[in-house]
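Next up, some structures in structure tokens.
There are two complexes below, and they share chain A, which is joined by chain B in the first and by chain C in the second.
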Partner chain A sequence: MRFILPCLCTLFYAATVCAAPDVAEIVQKANFASYYNGDDGSSLVEMVITDSQDRTRTRLFTILRKDESDGGNQSYYVYFKRPSDIRKTTFLVHKHIQSEDDRWLYLPGLDLLKRLAASDKRTSFMGSHFFYEDVSGRNISEDLHTLEEETAEYYILNNIPKKPDEVEFSAYTIWIDKTTYLPMKAEYLDKSGKGYRTMEVLNTAEIQGFTTVTKSKISDLNSGGSTITTFSEIKYNIGLDQSLFTERYLRRPPREARQ
Partner chain B sequence: MTLGEKLVQTSIKRPKQIAIALGVITLLLGLLIFKVHVDTDPENMLSPDEPVRIFHNETKKDFSLYDMVILGVVNTSHPDGVFNPETLNHVYDLTQYAATLSDPEHPERQVVSSKIMAPSTVDAISQAGLGQVSFSWLMPKPPETREESLRIRDLAMSNPLLKGTLVSEDEQAIGIYLPITSKNFAHTLSQQLTEKIATLSANGDEYYITGLPVAEDTFGKEMFVQMAISAPGAMLAIFLLMLFFFRQIRLIISPMIVAMISVITTMGLLIGTGHTLHIMSSMIPIFLMPIAVVDSIHILSEFFDEYQATRNRRQAIEHVVATLFTPMLYTSLTSAAGFASLAFTPIPPVQAFGIFVAIGIMIAWFTTIIFIPAYIMLMPEKSLVNFGVSKNTMREHPSLMARLLRRQGRFIYAWPKLIMITALLITGVAISGIMKIQVNDNPINWFTKNHEIRVADRILNSHFKGTYEAFLILESNGQDLTPSEANEKFSGMLKSMAVDDPSKIVVAKALALSQRAASAPDLDTMLKNMEETFIQAQDEASDTTYDAWSDALALLDQFKHRNQVFKRPDVLEYIGGLQAHLLQKGLVGKSNSITDMVKKIHSELFNDPAKFSVPDSIGGVAQSLISFQNSHKPNDLYHMVTPDFQKANIWVQLQNGDNQGMEALVREVEIYILGHQPPVSLQHEWAGLTYLNVVWQDKMVSGMRDSFIGSFIVVLIMMTILFRSPTWGLLAMIPLSMTIAWIYGVIGLIGKDYDMPVAVLSSLTLGLAVDFAIHFLERVRTTVAETGSWKSAITLMFEEPARAISRNVIVIAIGFTPLLLAPLVPYKTVGIFLASIMVISGLATMFILPALITIIQNWLFTLPLEDQEAPKP
Partner chain C sequence: MKTLLTLCLLTLAQPAMGNMNDLKDQLYDATGLDMVGFMETRYGLRTQNDPHQKDESIAEMRLQLDLFKDLQWGVLKFKGDLLHDEVMHRTTGEFRELNLRVSPLDNMDIKLGQQILTWGTGDMLFINDLFPKDWQSFFIGRDDEYLKAPANALKTSLFYDMANIDLVYTPTFQGSEYISGERLSFWNPVLGDLAGANGKFDLEERNSTGRDSEYAMRVSKNKDSMEFALYGYYGFWKTPEGMTGDGKLRYPRLSVYGGSIRTPLWGGISHMETGYYDSSQADNGNDPLTRNDEVRFLAGFEREIGQELTASIQYYLEWMMDYDNYEASLIPGSPPKDEYRSVLTLRLTKLLMNQNLILSFFGYYSPTDEDAYLRPKAQYKMTDSWLLEAGGNIFIGSEDHTFFGQFSKNTNVYMGLRFNY
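On to the complex of A and B.
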């Protein structure tokens, strides 16, 4: 189908209609490609946080995911391995499409299980330049999407938040790869319209038939710092049990996470 | 022919050429002034390679600290204080506006918007219900209702990091902390803010801008304005006074020209040689002018009295220069020596100041000798007809000053002991005053009491816990292990891990890997090798040993981070203990550290005020901190600790910028650390502008003292050479010593701080105070030689020589009174000092010297004196 559509466009030259494929569809495909590969998956993640003075800090964790349905509710489980003093810290997200996400953090050094407030989606994920929302995905219904431009490689979408008070950006632009539907780049504008934050995909790989981001970078243009995330040991459809994604397992990390 | 005569002959014979040559040189050097590069940063009081300054800058970088301008919003009239919607809206708008500001001329000088500390840019940790902890902006948007405003208040007040810093405990003030990339932007920023503030609606809000950078930068800016007003003002006053004394406008223009030439050429040389125009060097003209004018006044005063005797200007001027050449040379050399000695202080701007004032003094001397005679020769003879006083006139119609001086001479000769006893009594009191001198400085006090900067400082520090910052940096003395030592240590850790069979297998293998890695050339390579081999081993591990390898890797990670001492609960408790001690001693308004941060998060995580404490494990601390980093501003942590957790910063707030307070704090910290050994070996070191001020003040005070003692000895030697007699040399030092003792005695007695301006003025005192003594003693010797007795000489001394000194005293003392109107305290100080130096050294010279000479005349003058002849029956 993919290569038939452009042909039709050329035939009828209905540029305004065809050059603007359904934005909702692009957004949905991009959402699937980014967050819903397979029914579940796991990966080892290394985050290298670099500040403006090139001082780096590293976090190493395993991330597990299980979907209820494609584009629907899903769960994430994060198990920290390093640095050693936050080892065994765990983090759980129940992502809801129709309502606010639920998030829990377990701190073994304090033996404390804590719920994180729903409003704190756009705060730093464990001191990195990634936000919590970058890890589990921003709900696509929270923004108004328009197709700004279509190049040979990308659909360039402009996104405006429906509730501007809840976020720190005024708009963001994403570059979605036309073949893989992976957002390859994003640029966030602050309230004064100035670019202050970017996301770039540095590497992708084909894993079990899914084109997967294996390295990405978020840069804070104001402070000059950035975080590079590298994914390894990526596996899909490993048959994770939904019961792993419960509070009970935060204190007692499952074997799947520890590996 | 002596050098002086040669010079005078040249100048008398070729007055035009001399005038043109001086004009051209002055013009050329004057052009160099346009290359001026202004530097108003007091930090440059320390040389760039000064260790404390290097450390200060390293600290700023390590902890991402910036110089801060503090905009305080105060509302004392609203019942909710500043926590009312309108004020908070203003605070919000001002913060938004400030974030965009930069210096229009130097765009790289700007507000660091990402580091602003204001209600809308800081996170509040709060309970969000259902056991949730939330990190939300304290003021995400301006509040609309009273409830929203009060919620902001409650959130801020419950955060010990914000209370007393961002919001005042009395709820009447909010501080917006604006970090700037360059201190030189502070004054411009404060003007930009003031303009914005003027557009805000009036609702009882008051706005104050403070912070050391503002004070320092504003001082720099106002200082130049001040220069443009004070220097010409002083010039005008001196001109009018000379007009009063000499009543010959053409003639008295000449000292003005001498002063101009000296100032312009000196400044040209200073700037031309690549020096920046610093706070210190900007004072050069003010120092140079009186000295330049003094020499000219001596010549004119003498000429004034001499001309009518001969009615021949050429003869008169030759005579005057012959008489005055040596004393003038020596007064100039001594003044120059006094200033040149500043070259030995360890403070670059003071060195430049001393050297160039010394150069300027010698330029002034040379110009006086060469230009004044030329100038007199260029004047039409007829304009001199009525100039000066004939000796007959003086005898028949003496001026008030002349009459008083004659009476004074007679009185001294009659009561020399009374005068000496009085002088010694005063000196005794002065010495007790000197003992009380308080060494202290505070750049805020460079402004007068009602200056807006002083007012802002006073008001904000009455609300907040202090707008002066200093940073106490603690650093772990992480010992560098050799690979074999590391192997030994790490093996010990590994062995404790062998609890079950799989782990025993892993430990055995890991021990072998560690042993092998220990052959690496350095620790870094060793740890890297170990990590690689451990990971490889884990990849190849069976299901049974996989977890044990994870543990081994974690252990390795722990070992790698063994120097991260500022995650250790005992170290954090130690910091907290030190902070509590300083607070209890009343030495700080408040201090903030990683310990406060950890305690606050710990208690919020448990939603339990009783948990306002440091968790009892490294993991607990690290996890509290990582929770804190789940906020909007995770990097705020790194203002308190470096990312490697090997350096921590105790951010101290002081309510007063007095160096004494900072010094007391430094001392107390030393005492505390001596008495309380930290749980791990820690180095400590101070940074921050308040501390830098203390350091350069110390250098200044000790440097000034040394250079003063040095130049005192140099001047004594010069006097001995000049008079070819140690006795006369010592005599010449008496008025100077008395002047210095009295002036500094008064400073001690009235409780004025011995600060930067006062310290610098000690060299001026030395240079100027010796002048009159030289002139006086030189004349005493020649007059006694001419008249044959002190008794007849003293009468003549209280004629023309005494009048010259008195005229000088009056011209300089009154001439610099315009400085007293300055809004900057150092200028006032200079004005008061100049007047005091002139008056006291004039009095000391004209009372103590003749009195002392009268007492010791038999011994002093070896030639037969009439008094020694047989007593009259």
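On to the complex of A and C.
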């Protein structure tokens, strides 16, 4: 009996996988595909922000990432290149899965290392329509996920925040590609249930074996503004040292960031 | 008028600057030089008459050039300002940075030369940061960057698992730009009145390399999201807090020992810092011409309180040691300082229009001195290159001799226009 039970379980498990992975697995794979490719990575990021009156602003920065473990804690390092008034400003995030993130901003003009509160994850990243959370990933345990529909191409998931008071949306739907597990589209509903924000992936590319988003767009349906983010010079498994993600390198940006 | 002219020049310059990013890229490809900078013009007026000063509190044009080159074995940094100051009628150049950084060991960085240095946890309040400041720039509405003045120093940083150590050696003392009366009026205790350039004191310089050196040290450690630091300083008061027998201002000896903690708390960030100011030349409070020893303390908290709205508050205390001796030795007729001087600060920052409009307020209020200093400011990023700014420096005080009250005749409003290239 002792031997049969595990065998049965294995069989049962295999059968479920073949039918359809469960929601938790889809969510986890999507999380890995979006934010955990390789053990580390770097990319040059350009954000073109268009406001409701069609005026544009451009942000250019390098982003470095290193994972502690897949799905676990991560460090992000951002080195701003443009516009020139924020050139050489650096930004560091220690993303914690079990606790609040730690964030620091270094202003070179004043040689000032500022500590930033992590409470405002859903505020604009550098004036763009991307939130801090869109850049470094929303903790998957913060929402309740249900598989709404499965099409030939997508798993369509509905997500409801566990703490609705802490976010501006009431729910969001994501379309996850069934082969790559990349979320290709998302729609956010406001508190009244009206769609007000969308994310679309405009381009992907195969880089070092990882299907990677190279262009995505977030639109604010209320104001009519949007931000298109383009990723280039993407590299994975470059061997970034954990020491890069410390105060030392906020004050003296490493070559990997200045490239 | 000059300001208007600059405005025209800046506007004319814009098309030429249109392809500035391409030019900078070309420069980088050809020489490896990374260049940024800005041009700006600023104009401000006193909101009341000051018999000792001009109406214009600021009227200037500035060009900043920032160059950076990676030499592979080190990096070279240059940041220089060319300033035409209409209030002081002079054109000056200033090296804000001219330094070389090398890493002779894996866990060691050395930065040598003119540099801006900052540490500590206070927001616009400094206890263990004894690097030079420029209070004059701060009070007349220059960009916040100019609160920090450069120092010619050698900074050595060592990084260990146990803790990081920073050592800063400044061979020749570099004081802060203090309010001397030349441009901003202040309380002159000898005249017993507010004074301008008429009340400017002579200063006993501290410029002997070696004898007038400064040493600063920090040992810091981050653990479980908490930042701990211990500090030590051996040098001099950064503003002339002493006077010689013949009526000259001087920078008395000062040693400071302190510590700080910064940590996330209640969805925000809290910080605490303290320091003991050992003013050895004050002779335990028996020398009325030198500032006494002090215990300084500050605690603060910052968090987001609304959409794109951040608030922070701080409490700051200066506690004079040997107060009995101070009172006993006080020169008759001069208004005595309190044993405790406390200050509360409030900062509010609201971002609007995709963070292109920044409304901010910073206020100091001292319940013990019954005075205040308020800094409202609005900044509008018209494009990625153009920044328009307006603000005020408002000094309020019931008495003329208190820390902020003495500057009440300097209350000013200003505007600035900057082109970043």
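In the analysis below, the second predicted complex is superposed on the first by the 238 of 259 C-alpha atoms of A that agree within 3 Å, B and C clash if a C-alpha of one lies under 4 Å from a C-alpha of the other, contacts with A are read in each partner's own complex, and residues count from 1 in each chain.
Criterion: a contact is a pair of C-beta atoms (placed from the backbone, for glycine too) under 8 Å apart; a residue touches a chain by one contact, two chains touch by 3 or more.
This one's a predicted model, so the numbers in the text were calculated from it and none came from an experiment.
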item: Overlay on chain A: chain C relative to chain B, clash or fit; value: clash
item: Partner chain(s) touched by A:222 [first = chain B, second = chain C, both, neither]; value: first
item: Touching partner for A:89 - first (chain B), second (chain C), both, neither; value: first
item: Which of chain B and chain C A:99 touches, first, second, both or neither; value: second
item: Chain B versus chain C as contact partner of A:247, first or second or both or neither; value: second
item: First, second, both or neither for A:145, with chain B first and chain C second; value: neither
item: Contacts of A:127 with chain B and chain C, given as first, second, both or neither; value: both
item: First (chain B), second (chain C), both or neither touched by A:235; value: neither
item: First (chain B), second (chain C), both or neither touched by A:165; value: first
item: Overlapping segment of chain B (options 130-138, 256-264, 292-300 or 652-660) - the one that collides with chain C in the superposed model; value: 130-138
item: Common interface residues of chain A - those touching chain B in one complex and chain C in the other; value: 51, 55, 57, 82-85, 87, 109-110, 112, 115-120, 123-124, 126-128, 225, 258
item: Chain A contact footprint on chain B (complex, rising order); value: 61, 64, 100, 113-114, 123, 128, 130-136, 140-141, 546-547, 550, 553-555, 557-558, 561, 564, 567, 602, 605-606, 615, 617-624, 626-627, 629-635, 637-638, 642-644
item: Residues of chain C defined as touching chain A within the complex; value: 21, 34, 36-38, 68, 70, 75, 101, 109, 115-119, 144-145, 147-148, 157, 159, 164, 220, 222, 225, 227, 262, 264, 267-269, 271, 302-304, 307-308, 310, 351, 353-356, 381, 383-385, 387, 418, 420-421
item: Partner chain C, residues of chain A touching it in the complex; value: 49, 51, 55, 57-58, 82-85, 87-88, 94, 99-100, 102, 109-113, 115-120, 123-124, 126-128, 225, 243, 246-248, 252, 255, 258
item: Interface residues, chain A side, partner chain B - complex; value: 51-53, 55-57, 81-87, 89, 105, 107-110, 112, 114-120, 122-128, 132, 165, 168, 192, 220, 222-223, 225, 258-259
